[in-house]
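Paired with chain B in one complex and with chain C in the other, chain A is shared by the two complexes that follow.
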Partner chain A sequence: MVKLTFVAPDGSQTQIDAPEGTSVMKAAVANDVDGIVGECGGAMMCATCHCYVDEAWADRTGPREDGEDDMLEGAASEVTPLSRLSCQIKLTADLDGLVVHLPEEQL
Partner chain B sequence: MALAPLDTEITLDQLTLDPYPIYRRLRAEAPVLRVASARRTFLTKAALTKLVKDDPILFSSDDPNTPMKPAFRAHTLMRKDGDAHLAERRAINPALTPKRINSDWGPLYEQLAADYIGRLPRGEVVDLFATLCGPLSARILAHILGIPEATDDEMQRWSQRLIDGAGNFGWRPEPFAASDEANDQMDALFARLAPQRIAEPDGSAFSVMLTAENPIPLSQIRANLKIAIGGGINEPRDAMATAIFGLLDKPEQLAEVKAKGAWSAAFEEAIRWVAPIQASSRLVTADTELGGFEIPKGETVMTIQASANRDEELFENGEDFFVFRDKNPHQSFGNGPHHCAGAHVARRTVGKIILPMLFDRFPNMTLPDRQAVQWRGFGFRGPINLPVVLN
Partner chain C sequence: MSQPGVIIVGAGQGGLQAAISLRQEGYTGPVTLIGAEPGLPYQRPPLSKAYLAAGDAEALVLRPESFFAAKDITYLHSTTVEAIDRDARRVVLPGGRLDYDRLILATGTRNLRPPIAGLDRALDLRTLADAGRLREVLASTRRVAVIGGGFIGLEFAAAARKLGHQVAVIEAAERLMARVVSPLMSRYFAMLHHDWGTEVHLGQPAVAVDETGVTLADGAHVPADTVLLAAGVCPNTELAEAAELAVENGIRLDAQLRTSDPAIFALGDCASFPDPRSGRQVRLESVQAATDHARLIAAQIAKGATASYAAVPWFWSDQGDRKLQIAGLAGADAHEEILADGIVARVDAIGVAALETVNKAGAHMRARRLLAGHAPVSLDELKAAVLKTAA
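After this line comes the complex of A and B, so read on.
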């Protein structure tokens, strides 16, 4: 299991434990984290699992996947260099303690 | 393991008139059921419908042998999987993003909504389904697609003929004759407009697809536009009509929606309550198992998202329209690779522009007779009339 922290726009934090191999989006949905919708289930088709990777973790989560840039164009909130679709971030032991920030809105 | 039970009593007429009591029973008694009249295996629980949509390898959309192909005169992205689907989907996506909608198109949509709402008569019974929901949906879509030269009537007629053709599982000649005529008219319009959309790119779907760096073939550009016409009018129309009905039928909720500006929540609840697209088909590509029953390769399963949206495991009092639910994980836009490409457009136009504007212009709108509103549809569903008094 790896530890994962979601920071809402108002600063409130939600900490969860999630199994390795799952995605940040699936972990959020499974734990009822408000602010990650993940409507398409990880098919990179809806842009409702947008998150901002905490700066301290950006190197470790790696670059965006093929097609992710295009889909992020569809995100409801502002897209920054730290923006990712959380369905494309797979949890590994290396990401234990990962912090991601949630956008104002997903829909 | 056994095959799913076989039902020979449920009729398509029953499902068209009112499927919800049937789905409620099936969720409790037979969530995996082979329904003889539909020649499909119905899946009525949310976990199963989601599981199927999320696994496009095992549950394929790729089926060139449906009436959709003659109806659209094309094998469309709706019925493709993998890279073939992705290439065509990505070609149209840029025209449908929130950024495009908000920054480039928002003012136009506001204006169109204001025009159509502004011409509605006050103080008399008016059928909003026919005068607003259908025509405004058609007009907005015509602009998104880059074919505003088409009239509201043409857009709605083409859409209905494509739908009727695609649903012509009896392979009767008349629906295909009607869809052929619509295809001829659409193809002629596309051919006429293409040079302009290339010469003066305008961010519309047609323009974006034609001027892409590596454009998809013209035949597929046409097919994509037709899919959007067939699938982009009924849904916002029915979502709008359902939301208006729900709010007028529950004045205390309408008051709270107004007070809180909760129009988006009202939109989401409307499409949960009565999903404009109620059911979808997937072809089973390998022997598998669902809900404890054997599902053989070659079978067609039907995900009934209309039922998933009222699943007791996810929704308290799911049969009721209730805007202020804590969570609303409906499946009305589907999930998986075929997740509705128009979801962002629908949420913004219907939820954020049209509903608040309509109730602002007519703060004392009433539904004189809720029994007069008729609901129809098995595959697609919504009111087919909506008589209200505007004040």
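After this line comes the complex of A and C, so read on.
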């Protein structure tokens, strides 16, 4: 299991444990983390799982996947260099302790 | 006595979203979600895509079992609602009755069964059970014929080709995906599937299925060991009809997604509603419509919100390595305009109706934003917004 922390825009934190191999989006949805929708189920079709990777973790989550930039154009909240679609971040042991920040809105 | 609360009939993605959104909007009364299928609510779109290759049913589950208890949502699976008693505000189940204050019908669709001899030999692809069966059959079969050249038929065809099968697609209309894309996009995908090695038969309805394959109207024979039926769907409106709710190409809704009974709403594939842009009564088969409907209905029930439904429709289909995306909704009266390679606009008398893109997600997302902003959108406005970096 990998530890994951979601930080809401108001600063409140939700900590969850998620199995390796799943995506940050799936982990959030399975644990009912408010603020990640994941409407298309991870097919990179909806941009409703937008998150900001905490700066300290940005190197380890790596660059955006193919097509992610394009979909982020439709994100409901501001897109920054730390923006990712959380469906494209796969959890590995290396990401144990990962912190991501949630946007104001997804829809 | 406790208040009766909300009953949702149908536990697909839309029905589940209604339950989720009711709680998110602060609704505190009882919520009961009733589904005919066994197991937890799951995503259907991957059934004709990723699931066929990987077979991971766990990955399709939308919410874990613990979610329902945590949100105080009663989920009844494997349960078919037998009738709605509108006067008593009650639904009839095999084992009893349940009272409601508000009822949401999310009954979805089932496969159309055209008059084809021997059609019971063909497999369906609607449910997880269907997809599981299909995967088993694909493990031992070589030649597959698909009746129907819509999204599901073509997604399946592409997946089956990738798995090494010999594949034929049989479409009764003169072009593929005729209801949902422009003639140009139909031709493009016909060419693609042909290039991938799939035999594409257009304008020839299947008339018979037997152990040797499929016979077409012109007498041609398409040899196949396995036949998939994917010739469209029809909305499940029987419950609504029996309860004498208005039905017109699905359960008929007003702009606030209410049926002809103000205590009863409907959503998703089983319902028709006024298209915000054209005013036409439309029925859409998409995750987007189902979940956006669900959110609007939940806000109405939980908070008395009065907004009319205004979401921009969008659709997607993954076929092989091509990602077809549609923003907006075009009728048969729209004409096509090529904006760039893989980007086609559909324009009608009001303005831009839809944008179709292939592997151009940025253009798709920009079109979605533009269409959501104001109406009508002119072709020049669309070009300016979409071609920014797409060319």
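Following the convention adopted for this analysis, the second predicted complex is superposed on the first by the 107 of 107 C-alpha atoms of A that agree within 3 Å, B and C clash if a C-alpha of one lies under 4 Å from a C-alpha of the other, contacts with A are read in each partner's own complex, and residues count from 1 in each chain.
Here is the rule we go by: a contact is a pair of C-beta atoms (placed from the backbone, for glycine too) under 8 Å apart; a residue touches a chain by one contact, two chains touch by 3 or more.
Model, not experiment: these values are computed from the prediction.
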For the three-chain model obtained by superposing on chain A, do chain B and chain C clash or fit?
-> clash
Figure out whether A:E39 sits in contact with chain B (first) or chain C (second), or with both, or with neither.
-> both
Just chain B (first), just chain C (second), both, or neither: which does A:V99 touch?
-> neither
Looking at the overlay, does A:I16 come into contact with chain B only (first), chain C only (second), both, or neither?
-> neither
Once the shared chain is lined up, is A:A30 touching chain B (first), chain C (second), both, or neither of them?
-> second
When the two structures are overlaid on chain A, which partner does A:G67 contact: first (chain B), second (chain C), both, or neither?
-> both
Partner chain in contact with A:L82 - chain B first, chain C second, else both or neither = neither
Identify the overlap between the chain B-contacting and the chain C-contacting residues of chain A.
-> 32, 39-41, 43, 45-47, 67, 70-71, 73-74, 107
Which residues of chain A touch chain B in the complex?
-> 32, 39-43, 45-47, 67, 70-71, 73-76, 107
Residue numbers on chain A that touch chain C, as the complex places them = 26, 29-30, 32, 34, 39-41, 43-47, 67, 69-71, 73-74, 107
Over in the complex, which chain B residues touch chain A? Could you list them?
-> 50, 53-54, 56, 86, 89-90, 93-94, 96-99, 264, 268, 327, 333-339, 341, 343-344, 347
Chain C - residues contacting chain A, complex | 24, 43, 45-46, 49, 59-60, 62-64, 67, 70-71, 287-288, 291, 295, 316, 318, 323, 325, 360-366, 368-369
